[in-house]
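Shared chain: subunit A. Partners: subunit B in the first complex, subunit C in the second.
Entry: the complex of A and B
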């Protein structure tokens, strides 16, 4: 089927975009989340400003700005680079906010107990706070990942050849009823990709719950 | 083996602690007004008084979970002035010397009982996992919870969790133990198992400071009874003497309320 093979051509790019941006976000959000709950008001304000700025502007605008608005010497973003950086930075901001919520949801007594035992700040953070916060936020992270998967389609607007871009070009070449076909297929593919994420997240969540209460 | 023989396998020295002129305010609200308390090595001090008197805040000032605005804390060779900058070495020394047990236990829910006790030993004292686990098992056995070693706190009753929390604090060989209303979150029957462990610890000569509403425990176990009200210590001395013949009207009122219910 022509429509299917056209859409499938975009599948690897969709996956690359999603996973790269997610990887950037997962790692980059850690220092930002720490900054968001810093006791230093300047650090906290700077981080808050960054998060609100990034989240306040639609992804499509960021992608256009990165693709067409940035030129440093001879350096310009290629479409894929702009898409990965743009989606990555947006992910950093959203995930940092999710992490911060998780860290704040850990009961205050946990940090106090750790301090009273004489654990260092680093050990308290990575050994006590983060593992508990992760249990709290893992469903939210999975939800964000499925959202990101679908948002990666916005990269089609800056000519990144992912699934929606391929659907559009197929539709343009087949201006008949057949032109609607790739969109149906791409919809099904997005669902097919999100289901395992949701499934794995639920499995992980219930396994961690069992670990704590078993 | 007694609890404290296990607790001080490396013979943690018996230490007292001196707190002088501790004051603490939140904004305009004074919570501790020039409070001084000297605790002799190997004694049990019970802190009682109406809620809002500043008992818990005072206790939390001792290991600097709350930072007093002024005053001095003397323990071992260290003198700490919390109103000024406290260097991290003094803070670490203070926290190594002083163990704490909380009203809400505060066990780490993502670790088994054993790991709750072993993890701080590995991180703070640098013990190997095997050494730490061995010590943890001794302590768990002493508090009667050896069979709970591999369970997570969520599967333990409140009384069991509190006994695990006591074992966790003892595992770091503290010289002084602070108890912040250790039985207040437990129903009375379950509280008894925790009090039993504390009595044993006291009998072994651990220096203890206990914020409590358990008047019988305060009377029978403590060497010094300290009554706090309105951000100050209003009376201190022999527990039996104070309970039978309080000097202050405020103490009398408080004791009548708690003893005659």
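Entry: the complex of A and C
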């Protein structure tokens, strides 16, 4: 049970990393998704390049770049800061792509009908397109959140004391057979943590379906 | 301009790291996809024991972070006297990862083959074996192609985690160079560009295939 309590010491940090990065992503992805579906080709291409570039570089590279590469005056990222910003930027790119897919999946007629009814562009976007797009993408967002939870483990490579880091240090102190336990436990914990996300997502999805079709 | 000249000096060492990354990614794909196919068939087997085993392998491979599986192979198993070289451990962990992810994609592809295809094969008197290998599998895998390409890109990026167990891949090369003269910003930017130079075109090709397949759907 020592192994379990060692691993659990990292649980709060894992959750803080995941939720902070997710919060950055959820908000930051909105303007980027709008840019990705912009009618201005320059804006669209710039956003597309940003998204593909961020997604084309592994997370560990982003974390090392922020942790070791960035130094502005006396400012340097501490490990937790670098991990949150790094995971946040990656989330922005992935979620923007998810949002864009959702906006594109809303039937064209919805926008045209809103226009015909004389709704302003802002109302059309936020009142007509976004709610429908959100319904389409909410399962993908939940899937991304579980992925982000797993990716937060990469923060252990820049010495953030989350679950995998704690498992490592426990395993180092126990060179015997017991030393394999934290790795097995932490694996199970990640799977267990993603279950409530999947459950809540399914409930949200079915509730929104009822709200539309009932 | 100084960055470019410095990068040119780093490039040979980076390229040897990149070749190790590509090797690990290649092994994990070449060995992982056939295993994934076997798992995808096992998951829908009638035998409960077979089904449970396959499901456990897939769910652990997808649910646990790749880094944890990597550590399990490299730091965990030696405590039972099963020791691997770091590159072998990296390959094994990523094979598990790619088998798990690809099996889900192939299962979805196989399930997307229309019932009519099965009924037609049955009506034509094809043996079950022929129905599966000649009718269902070719169509199912065809629709799985974009997803499998996506997993391949994910695996290539996942090789960067092997840095954590001291495999001399791209990230490790970058870190070694960086710790010599502390040019971390330059070197990790170069490392990122190396990864992006492969991942980005690969993503565009995947999107192209996705669109092509969608046209015929």
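One rule holds in what follows: the second predicted complex is superposed on the first by the 214 of 214 C-alpha atoms of A that agree within 3 Å, B and C clash if a C-alpha of one lies under 4 Å from a C-alpha of the other, contacts with A are read in each partner's own complex, and residues count from 1 in each chain.
Definition applied: a residue touches a chain if its C-beta (ideal position, glycine included) is under 8 Å from a C-beta of that chain, and two chains touch if they have at least 3 such contacts.
Source: prediction; values computed, not measured.
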{"item": "When both partners are placed on the shared chain, which of subunit B and subunit C touches more of subunit A", "value": "C"}
{"item": "First, second, both or neither for A:56, with subunit B first and subunit C second", "value": "second"}
{"item": "Partner chain in contact with A:191 - subunit B first, subunit C second, else both or neither", "value": "second"}
{"item": "Which superposed partner A:127 touches (first subunit B, second subunit C, both, neither)", "value": "first"}
{"item": "Touched partner set for A:117, first subunit B, second subunit C, both or neither", "value": "first"}
{"item": "Contact residues common to both interfaces of subunit A (with subunit B and with subunit C)", "value": "none"}
{"item": "Subunit C residues within the subunit A interface of the complex", "value": "59-60, 63-69, 71-72, 75-77, 79-80, 157-158, 160-161, 163-164, 171, 174-175, 178, 184-186, 188-189, 191-192, 195-196, 199-200, 203-204"}
{"item": "Subunit B residues touching subunit A - in the complex, by the definition given at the top", "value": "63, 65, 92, 95-96, 98-100, 102, 104, 106-110, 119-120, 123-124, 151-152, 154-155, 165, 168-169, 172"}
{"item": "Contact set on subunit A toward subunit C in their complex", "value": "52-53, 55-58, 60-62, 64-65, 68-71, 150-151, 153-154, 156-157, 164, 167-168, 171, 175-180, 183-184, 186-188, 190-191, 194"}
{"item": "Residues of subunit A touching subunit B in the complex", "value": "107, 109-110, 112-113, 115-120, 123, 127-128, 131-132, 135, 211-214"}
